[in-house]
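Pasting the structures in now, so scroll down.
Presented sequentially are two complexes of chain A, the first with chain B as partner and the second with chain C.
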Partner chain A sequence: MDFNHAFAIEIVPTILQALHTTLLVAVLSSIGAAAIGFTLEVTRRSGRLAGYAMRFVIDFIRSTPVLAQLYFLFFVLPFYGITLPAMVVGVLGLSIYYSGYLAEVFKAGIDAIHRGQWDAAKALGLSGFDTIIFVIAPQMLRNIAAPMGNYFVSVLKATPYLAVIAVPEMLGSGFDIASDTFRYAEPLVVVGIIFLFLAISIAQLVRLLETRLNAAHNR
Partner chain B sequence: MSFPEILVGIFEGFRITAAVVFYGLLFAVPFALVFGILQHFTRGILRFLVTAVIEFWRSSPVIILLFVFYYALPIFGVVMSAMTVSALVLGLNIGGYGSQAVRAALQALDPGQVEAGLALGLRRSRILLLIELPQAIAMMMPTLMNLVIQLVKGTALVSLVTLGDMTFRAKEIAQIEYNPVGIYSGLLLAYFIVCYPVTVIGRWLERRVGVGEGQAHGL
Partner chain C sequence: MTEGLPPADQNLAVEASGLCKWFKKFQALRDVDLQVRRGERIVICGPSGSGKSTLIRCLNGLETCQQGQIRVNGRALAPGKNNLEIRRSIGMVFQSFNLFPHLSVLQNCTLAQVRAQKRSKEEAVEIARHYLARVKIIDQAGKFPSQLSGGQQQRAAIARALCMKPGTMLFDEPTSALDPEMIKEVLDVMVSLAEDGMTMICVTHEMGFARKVADRIIFMDEGRIVEEAPPEIFFSSPQTRRAQLFLDQILSSDVH
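On to the complex of A and B.
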C-alpha cells in the first residue's frame, strides 16, 4: 500500500468539518481551566488547612495523566447516575487537568504583585472578594499573559485525547475515515499537519500578544 | 476483586511503563542537549533548521505523533515495534521541551563565565563542557524533574498502541468486572504513587536552585 496523495487531499474537507469541534473544546476547556485554576489558587490562600488541601488537590491533578483522568470521569460519573454527553465530559476533564497547571501560574502571578496593593485595598475598605477581582486579578493577568497563553496552546494540543471517549473532534473524525476505508496513514497525516499548523500559528499569536502587552506596560 | 487486588493488577503493567520511560529518556536526554546547544550557538539558516526540528517535536500533539508514527510509517516502509515508536515519540517530544530548558539555561548564564574561560585560554568547546554545561544543568534540574513527570504521564498513551502498561492493565481489568470506581481510582492512585515522589524531589531542587516553574506545559 502506498501513500495516496489524491485520497489525502480528498479527505481534508471532511476532517476540517471537525475543526470547529476541536476549537470549541479548546476554547471552553481553556476558560474552564482558568476558572477552576483561579478558584483553586484563591482557596489555597484563604487559610492554613485550605492551603494544605488545595496543595494536595493541585499536586494530585498534576501527578496523574490526563488520559487516566478522562477515563475516570467518563466511566465513573455514569456509575453514580450522572450521564453527560461525551463532549461535556471531555471539556470537564481538560479543564480539571489544566487547572492544576494554571493554579501554579496564578500563584506566581499573584506572588509578583506588591504587598502594598493588598494593604491599599484594605485601607480603602474593599472586601476580600473585591480586592481579588478588581485589584489583584487585573494586575496578575498582565504578569501571566505569556505562560497562560502557552497553556492554552497546550489545551489545544490535548484536544485529540478526547477521541478516546468518542468526541467527534479532528482525530476522531480521522479515525472514522480510517475505519471506513481501512486507510490509516492518510487521515492521520492530514490531522497531524493541520494540528501542527494550528499549534504553531496560535503560539505565534501568543508571542505577538506578549510583546504587545510588554510594550503597553513599558510605555 | 478488592481494591488492593485491583491496584496490584494495575501495577503488573508498571514494568512496561518503566521501560517506556527509560527508553524514552534515551531519546530525550541526547536530543535535548544536542538541539538545545545547537540552537544556542547557531545563527541564520542553520538556526532556523534546528528550530524547525525542535518545533516539530514540541508543537505537534504527542498523541497524534504516536498514531502517525505507528500507523503511517509502515506505509513508507519504516516498520518499528510499538515499544520503539512509543519511546521515540514520547522521548523526542519531551526532548523538544528539554532543549528549550537547555537553551534558556545557557542564555541565562552570566557572560562573564565564558569571558573568564576565554581569558584563561580555554578552547570554546572546553568552556562549554567544563564551565557552561555544569552550571546550566544544575540550574535546570527542577525543569527536568517536571519533564520526567510529563514523560511518565505521557506513557499512559502507549496503551492505545497495544503496549501492556498500567493504563492498559486497568482497561483489561475493566473488561473482566464492572467496578469503574475501584478500577479508575486505582489507576489514578497508581500514577500518583509513581509521580508524586518526583514532584517532591523537584520542589526540593526548586527551593535549592531558586528557579521558578518549568517550561513543560502538560501533554
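On to the complex of A and C.
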C-alpha cells in the first residue's frame, strides 16, 4: 500500500474538526483528575479510618482497566437511572481513572515537604484547610510539576478510548475516514502526528511552569 | 478535663500538671509539672533527649500527651483537637525557622493574620511591617526566605509569630542552627522582647542569655524536671550532680 501524500493532506481538515473535542476532553479530564486525586490524597491523610478507605479507593481505581470503568459508567449507570451524555461520561471516566495515579504523585510531593512546615502552620493557628491550600499545595506543586505533566500527557493519549462510547474524538474520526476509504495509513499517520505535536507542547508548557515555580522559590 | 490542676489563676500564662508522653515505647516526659506566670521568662535546658523540646511542643498542642493536663491563659488544651484559639495565643519559634519558602517575608507575616485572625489585608501588612521593623529586617520584606541569611530568617520567623500578638512565646532552640556570628542578632531580639515583658519559654543552650534574662532555669534530664532555680542559684550552686555535670560540660565550651 502506497502512502498517498495528497490524500493525507486532504483529510487533515476533517480530522482537525475533532481536535477541539480531544483537547476539551483532555483539559477537563486533567483538571478533574487533579482535583479528585488531590481530594483523595488529602482525605487519605486526614485520619486512620479515612486513610484505609482512601487507600482502597485509590488502589481500586488503579487496578481496574480504564475501559471497564468507562463501560461501567456508560452502560451500567443508566440501569440506576443515571444517564449522562457520552462526553460527560468520558471526562468523568478519565478523571476518575487518572485521579488514582495523580493521588500517588501528590502523596510523593507532600511527603517531600519538611515536617516543620506543618508545625509552623499549626503553631500559627491556621486551620487544616488553610494549611493545605496556602502552605502545602504550592510547595507540593513545585515538587511534582514534572511527573504531573507526564500524567497530563497520558490523559491526552487516553482520549481515543472514548471512541468506544461514541465521543467524536480525533482517532475515531480518523478511523471513520479509514473505514470509508479503506485507506488506513494516511489517517493514522495524520492523527499520530497531531498527537505528537500536542504531547510535546504539553511537555514544554510543563517545563516552563517548572522553571517559573523554581524561579519564584529561588529568586 | 482539668482534674489535677488547681482552679484557673489569672496570673498564670501556662500551667501543666502530670504530663507523661511516650513515643512508641520511649518515655519522653515523666510526670512533668510546670507553672509559668504572666511575664515570666523561663529557660529550659538539659542534655539532648531530655524532653525539653517535647515539653514545649506539648504546651501549644503540636504534640499530644498521653497523660496530664495543660492550661493556657486559663483555657484547657483539648487532646486531639485543633485548639486553634490557644495556638493563636502562643507564638512559636523553631530551630529550623520553618518559614514558608514559597512566600515572601512579608507574606509569611500576613498569611496567618488574614486567614486565622481575619484581619484585613491592609491591617495585616501594617502589623507585619511594624514587627519586621522591630526585628530590624524591614528592608528584606519583599525577599524570599532563601535569599536571607540564617539569622535574618530566624528574625523573620520571630516577627511572623509576633504578628499574631501572642501573650506567650515559645522558643525551641532558636539559635542552634545558626552560624556563631548570627546568634547574637537573634538573641538581641529575644532580649528586647524579654525587656518588654513578654512571657517567654525558651529551650536553649545559650547560658549567657539564660543568665541575663531568665527568671527561672528549668533543668531537665530523662524526661523529668530535675532542678528548678533562679539563674544566679542554678549556675553558682546546682543542687543535683546531673546538673553539675551538664554545667561543667556546657560552660567549658561556652564563649558567650
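Convention: the second predicted complex is superposed on the first by the 212 of 219 C-alpha atoms of A that agree within 3 Å, B and C clash if a C-alpha of one lies under 4 Å from a C-alpha of the other, contacts with A are read in each partner's own complex, and residues count from 1 in each chain.
Everything that follows uses one rule, which is that a residue touches a chain if its C-beta (ideal position, glycine included) is under 8 Å from a C-beta of that chain, and two chains touch if they have at least 3 such contacts.
This structure is a prediction, so every number in the text was calculated from the model and none was measured.
In the superposition on chain A, contact of A:V57 is made with neither chain B nor chain C. In the superposition on chain A, contact of A:I31 is made with neither chain B nor chain C. In the superposition on chain A, A:A68 makes contact with chain B only, while chain C stays out of contact range. Contacts of A:Y151 after superposition on the shared chain: chain B is touched, whereas chain C is not.
In the superposition on chain A, A:L16 makes contact with neither chain B nor chain C. When both complexes are overlaid on chain A, the residue A:V206 reaches neither chain B nor chain C. In the superposed model, A:L84 lies in contact with neither chain B nor chain C. Among chain B and chain C, the chain that touches a larger number of residues in chain A is B. When the two complexes are superposed on chain A, none of the residues of chain A touches both chain B and chain C. Partner chain B is touched in their complex by these residues of chain A: 1-3, 59-60, 62-69, 71-72, 75-76, 78-79, 97-98, 101, 104-105, 108, 147, 150-151, 153-154, 157-161, 163-164, 171, 178, 184-186, 188-189, 191-192, 195-196, 199-200, 203. Of all residues in chain A, those touching chain C in their complex are 114, 116-117, 119-128, 130, 134-135, 138-139, 142, 216-219. Per the touch definition, chain C reaches chain A in the complex via residues 57, 60-62, 82, 84-85, 87-88, 90-92, 94, 96-102, 111-112, 115-117, 144, 146-147, 157, 160-161, 164. Chain contact summary for the complex, chain B toward chain A: residues 55-56, 59-65, 67-68, 71-72, 74-76, 149, 153-157, 159-160, 167, 170-171, 174, 180-181, 183-185, 187-188, 191-192, 195-196, 199, 212-213, 217-219.
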